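The letters A, B, C and D name the chains in turn, as written, and every chain counts its residues from 1.
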Amino acid sequence: MLTTNPFDDDHLREECGVFGIYGHPEAAALTALGLHALQHRGQEAAGIVAHDGDVFHNHRDLGHVEDCFGSESIIRKLKGAAAVGHVRYSTTGETLLRNVQPLFAEMEFGGLALAHNGNLTNTNVLRRSLVKRGCLFQSTTDTEVIIHLIAISLYTSVEDRLIDALRQIEGAYSLTCLTKDGVMGVRDPLGIRPLVLGKLDGAWCLASETCAFDIIGAEFVRDVEPGEIVVISATGLRSLKPFAIKQRRFCIFEYIYFARPDSIMEGTSVYDVRKRIGAQLARESAVDADVIIPVPDSGVPAAIGYAAQAGIPFELGIIRNHYVGRTFIQPTDRTRHVGVKMKHNPNRHAIEGKRVVLVDDSIVRGTTSRKIVEMVRQAGASEVHMRISSPPTNHCCYFGIDTPEREKLLAARYDVDGMAKLIGVDSLAFISLDGLYKAVGEEARNPAAPQYCDACFTGDYPIMPTDYADQLSDPKQLSLLGEAGK
Amino acid sequence: MLTTNPFDDDHLREECGVFGIYGHPEAAALTALGLHALQHRGQEAAGIVAHDGDVFHNHRDLGHVEDCFGSESIIRKLKGAAAVGHVRYSTTGETLLRNVQPLFAEMEFGGLALAHNGNLTNTNVLRRSLVKRGCLFQSTTDTEVIIHLIAISLYTSVEDRLIDALRQIEGAYSLTCLTKDGVMGVRDPLGIRPLVLGKLDGAWCLASETCAFDIIGAEFVRDVEPGEIVVISATGLRSLKPFAIKQRRFCIFEYIYFARPDSIMEGTSVYDVRKRIGAQLARESAVDADVIIPVPDSGVPAAIGYAAQAGIPFELGIIRNHYVGRTFIQPTDRTRHVGVKMKHNPNRHAIEGKRVVLVDDSIVRGTTSRKIVEMVRQAGASEVHMRISSPPTNHCCYFGIDTPEREKLLAARYDVDGMAKLIGVDSLAFISLDGLYKAVGEEARNPAAPQYCDACFTGDYPIMPTDYADQLSDPKQLSLLGEAGK
Amino acid sequence: MLTTNPFDDDHLREECGVFGIYGHPEAAALTALGLHALQHRGQEAAGIVAHDGDVFHNHRDLGHVEDCFGSESIIRKLKGAAAVGHVRYSTTGETLLRNVQPLFAEMEFGGLALAHNGNLTNTNVLRRSLVKRGCLFQSTTDTEVIIHLIAISLYTSVEDRLIDALRQIEGAYSLTCLTKDGVMGVRDPLGIRPLVLGKLDGAWCLASETCAFDIIGAEFVRDVEPGEIVVISATGLRSLKPFAIKQRRFCIFEYIYFARPDSIMEGTSVYDVRKRIGAQLARESAVDADVIIPVPDSGVPAAIGYAAQAGIPFELGIIRNHYVGRTFIQPTDRTRHVGVKMKHNPNRHAIEGKRVVLVDDSIVRGTTSRKIVEMVRQAGASEVHMRISSPPTNHCCYFGIDTPEREKLLAARYDVDGMAKLIGVDSLAFISLDGLYKAVGEEARNPAAPQYCDACFTGDYPIMPTDYADQLSDPKQLSLLGEAGK
Amino acid sequence: MLTTNPFDDDHLREECGVFGIYGHPEAAALTALGLHALQHRGQEAAGIVAHDGDVFHNHRDLGHVEDCFGSESIIRKLKGAAAVGHVRYSTTGETLLRNVQPLFAEMEFGGLALAHNGNLTNTNVLRRSLVKRGCLFQSTTDTEVIIHLIAISLYTSVEDRLIDALRQIEGAYSLTCLTKDGVMGVRDPLGIRPLVLGKLDGAWCLASETCAFDIIGAEFVRDVEPGEIVVISATGLRSLKPFAIKQRRFCIFEYIYFARPDSIMEGTSVYDVRKRIGAQLARESAVDADVIIPVPDSGVPAAIGYAAQAGIPFELGIIRNHYVGRTFIQPTDRTRHVGVKMKHNPNRHAIEGKRVVLVDDSIVRGTTSRKIVEMVRQAGASEVHMRISSPPTNHCCYFGIDTPEREKLLAARYDVDGMAKLIGVDSLAFISLDGLYKAVGEEARNPAAPQYCDACFTGDYPIMPTDYADQLSDPKQLSLLGEAGK
């Protein structure tokens, strides 16, 4: 009932968003609001753990943030001036309540709650050795590996135990972590996933995106640095940098699709980047046309940029039905053709007899693109051209983004001409890799040391993903945890 | 939990949408899809009654169409080739399951299901006399009055009984009605609310808007005429016109806000009308500015029209969070200021240092407008001008639209200057009444015989609302039905 | 989920219990407690309607009284000093919430709530004529017929309307009725079902059995007389007797099984009657044996009487599992044999090697008896004799008791020897009809004018059941009401 | 909603029941039935883990066994020929789903499920040292300590790991344990809690009581011995006895109250013991009386024994309402006096004017006894004598029975005369300690080496309860686990 149909609109999906705040009397309420603003990063489950100076309070549930935290009684229960929160989009198996974050554990030094955005790439190896040692896993998440590593660390302080754990894990991670002493924010050494620092009424806060600060009225201070641990406690904010400095490799797809357009990432407005991509695309692959039509909603900023650059009218040629959030079971063959129409309807009067440029952000499996093109043609378009505001998506992501297996990626199977044919357009163009780097403010991509993680386009992974190198490495029976239900 | 906060975005609300189909093996599934496309007309409850040639099947529930009809087992239960459906936005009291339509009753001639969009204006008088006669009411809806009038009619055929009932009721009504013999569609003599006729695979269908035909792939045939009864049965379609012909008075606000932009109403594209309104507004009340920013989502087409006419860039200066569908309880004073930010966030980079024109469709109580203007100013706009794509909303609607009491309408309390001051804009302008009529294709409003119902702007009601003339006329104890719950 | 398996222990079932109270500030709470004490008369649904001097309040739900009325908030909602309540065991179709009593309707004179124990026998005829007149039925209960008859009555006062309605109905009925002016109690002219009058702190109360007075600490005053209407209002208690006096025909099965043993019916202790039946049975059909074992729980008092009369030890030879209230789905053939063991387990040490007399209250279809006998034999009994504290159940009841079709009654298909063989006992005996009458205090049954309704044993129906004479009379489509659900 | 009011009838409570079966195609269904028969040992939660030769399947829920396992789909999901199950009565805090057993963990050698009846008395010490080592606890149950001890054991085989763990724990435990290789049954060295071995269709089964074998038609083979580990696998049944042999100390209260009367414990019928206790009580403390009345249901066998020995009639003088399983909220002061009447009603006709002997099994806090005596007096008893089929309950139990703090035990605060006065009886007598030992077949209690655990009467604890010696030893923050909810 709660499962959003994965890839129902054929997009890659961000898997998580995190939040944290320390020193504010409304910590849990602000965390709930922050998570609400991060809802696009994970729509299937949400959780908050708060600490009131004495004990921890916890609420985690399946569903949207509003469903989980909409009632005053729940917020009131989450007492305390420190809290961390998490929204989650489930990728592996079902969304089980036991996998909902923040994860919490009682350790020798007290309780610890952990919220994680990203994905570890050496989980299986670590998990096997922990199980061998006698560690019992409660969930099937990679995040729990970090918890156990902290629990068994021989260091005394939480910070040292955390650093001890971080040294053993590989992959992408932006973490918020709550103990009885404070809140910590961590970003992996490459800074693959975002994490920003803000301030509200003197209280420090952490979030995946700045839009979470906007909603609570907090001031955006700065990005947490790659490899930085921010420790917020009664004595203020300290910054630890225990790792060797590396070339940062922020995920460029955050700009293209994942982040909200009103967020600022690594100092740059996401909306601006998207418009610049649209403009660059218009320059790179112009075409004679009557209207520029975005595939709503994510294609809109690029379409505005494209239309302005090309001097062609921008029109809402496709109307999106915003009531579609969950799957609507199609009963029979006769009604199966509605498919894409559940969500999108052509606005015939803006299309009929026109040469149309459709602007979308990406093509993953191509299924939705094909249906939208067909729909636009049926509505009377005389020509349909498609312009994509990312390079072809050609490789899987192992760093916290839900991608289908590589053989299902259209770009891994066809060249651009083949794709155009399959999708049924008169012309198809993707932005060039260098064009994309230009739009984010670089002169061009530096192939020797790429400024961003663009592995989904290039296959140039910033870290060798250990687990995925060896596909045989699944622990034997995790099925009970996997199915155990509530 | 299920109640959407009324006026959370300070709009008038359409109260209902209807659908009907006869002669298609997937009647219930198609009805569910049609209702899904009409979801914007009523989000709190949905119902379908189907007839399988032998017996009637029924499912009604609170929530969105997807929640009510998303499961195959429910659709499969609704057997038969004929069905009618309804979506509802509750205005009076709570949304009780017993008030969810289609209403159904067993009569001497068999069962009858009725779905109603609109509002009757002589309900109280009729209800009192029916109760006196011994009729027992099951719901608190005006629609049940029609049911009882049909039940007690001395005519033999269902059609004659229906006409007998219609002669006694006053107000706005678009009905779909299901009996064992077929489906009927009815539109009141003034044609205040919409009702359209379509065809799919040889089966006739009825809907409040054409977008419901698009989703199922049906062809739009024509509007049902004001005062027309369309009778669809095994012998085909017959049209009855039992009433004297009157000047049609279609609700002009359907064009401005209620209808989906991709619908066609009375032969005209709603999207086109909205763009033309925007252009007309730009002509009527131009202002020097740097960006045109729509208040999403309803202000977008008018803003596009305005921007194109004015030659000023159109920008997404306000980002809407689409995960807000239900109320999010604000826990305390400190977090109460988030208010409008739950739904809207300024896109600072599109606003900062700019002279902004905000385009919205209407101002009802002004509460949201005020907060949006404040938000845009805080995001750094140097000037804020507001342009409204309707005339000032000055009077209550009694014909199926949920309006607050007149004293809460901003336009009933202030002139345009006063409103501008209150909302905090540098300038405020509404489209003129004649400008609005121009946008819908008339030369101007004909004051002697207005071509549309525009009573919410003019107070010129096409029918004297009997019930509301006498505010003392409530039946004594309806509280039990009112509170009885499921 | 809520449906108790009908006949899971092969007993006839009382269909309802009623309660009413007027003039007590805790009216609803006391009604809930009274219904709890009457739970054995109806376990599938419960309802209370209260009146607070101004408006009516209503709560009805599926489940046990504790489930429906266990929360303080629900009781607090049912404000007022007057209330009526109902517990229900559903016989026809599913237990739908719309069929849960008390039924309530708004009439010209105000609201009226009605709770009914019994069954009308001319419902179909009346219902057809009411539907013809234009009355719309909300439920499938016979009780609603009374409501409509009251609604359309041309008399002015509620009492006269009620009498007008009662004159038209046939069958068994004990009613409690709530209006804004007070509470009324009604018993049909033959007094088939029980209704008693009590007093608590100066407030009059009505109940199906005296055990409902015990729980609230009320004093039992007297039985309501057959054909009497008791009117309780601000001016005190009035008794109306608008019907010609007839020979009373109280249901003798209330003594045998339906009533709680601690109730007093028609002036006689039910427990005493059951012990006297047991003693009479011992006199009528003695047998050499080692132990007297009741089939729990209903067989216990008769077994005590039997054991004392026979001078044979009474033992708990069968242990009942009280956690069985709902159906337990048996998964497969291998586990199907558990059947009766879900509820009953032999106490081997009280049985092994013994000559056993099993005492039970009745044999309906014989299925459970057979299994219990087999179980007792497997536990090592050397002989098994069965003694039944009622005459053979040979005919259907149409007066408020749920009986299977006659062809399923074992006594309608076999004589006592045949039954003994089928059940597998060494001997079987039922109490004689005259023996039963002796146990209730009569000298013998008067065949000319029987003192009780004993139609289930004799077929001598006190009223000709109109509806059931003509088995074709079902109204055609009630399926929608029948399935409309929730 | 689900919490049964603890001590609502002022009894001690058994905390758990266990079941296990290996080698039967219907393992889960049979386990569900077995748990149903053990329902009296734990009514708040139930769980089953099954193994199908490949993976484990798990279902645990709050509520009665019927509620948890009543649906075929759940049973069908629990595939496999081996299963263990558990019913639980929660003592500490709320009944959390995470505390519901069988507990399950993935270890190096595979999965392990554990169901525990009893209570460990050195949990806190062990838990602290495990947490120090880095073990993370998922529940607040003592059972999880065993799981972690197995997980970290350095032995290779599951059996050796289990023995390693058992050597470190103290207290009472009867365990059933499921691994991929088979089912194990364990009983602590003193045999405090029961565990029996049975056979069905060639498959071995284990249960807390023999009544669980009766329901599935299994044959009772023998008790598992104190200190014995029974290993059931594909190669048949092996018995391990790794502990030094000690004097067995079976819980004597199992005979008095906890066990079902139809169970056989340590070779003796529970029903027979109870009748013998009643007879012994009649011999020890005779009194002139007219009727012997059991406090239902648990007092019935002793009352039968007493009545037969004393030659005084046995009567059902108190009727129990079996619909009371959960709390019924009393709304106000006026209705608060109903208290005990929710569950018990005096049968006035069996009491009025009589000298009554009430027979009950124990007095814990005395609250219910007092109300019952008052109720019986109000029903007209001329004298009320109370006879208790256990010695005075004077000390807390630490071995799996839920007792109130010692200061709440009536016998810890008053001598018998003082108790009689408080309860309001004309005379009060408990069975003597030696009389009790006689009834269970001993000549007398051996004070040097008591044959049973009778610590609740004598304070003579068979094991020093480590944790409870030091009342300060609670781990600091377990509140999150404690409140975390589902």
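Throughout what follows, a residue touches a chain if its C-beta (ideal position, glycine included) is under 8 Å from a C-beta of that chain, and two chains touch if they have at least 3 such contacts.
Keep in mind the model is a prediction, meaning the values are calculated, not measured.
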| item | value |
| --- | --- |
| Cα-centroid distance, subunit C relative to subunit D, in whole angstrom | 36 |
| Interchain centroid distance [CA atoms averaged], subunit A/subunit D, Å | 51 |
| Distance between chain centroids, defined by C-alpha means - subunit A, subunit C (Å) | 62 |
| Overlap residues in subunit D, where contacts from two or more other chains coincide | none |
| Chain contact graph, described as a line, ring, star, complete graph or other shape | ring |
| Complete list of chain pairs which touch one another | A-B, A-D, B-C, C-D |
| Subunit D-facing residues of subunit C, complex | 25-26, 29-30, 32-33, 36-37, 39-40, 43, 64-67, 69-72, 75-76, 211, 214-217, 260-262, 264, 269, 271-272, 297, 300-301, 304, 308, 313-316, 319, 321-332, 334-335, 337-338, 341-342, 345-350 |
| List of subunit A residues in touch with subunit D within their complex | 49, 55-59, 97, 104-108, 110-111, 131-138, 147-148, 151-153, 180, 475-481, 483-486 |
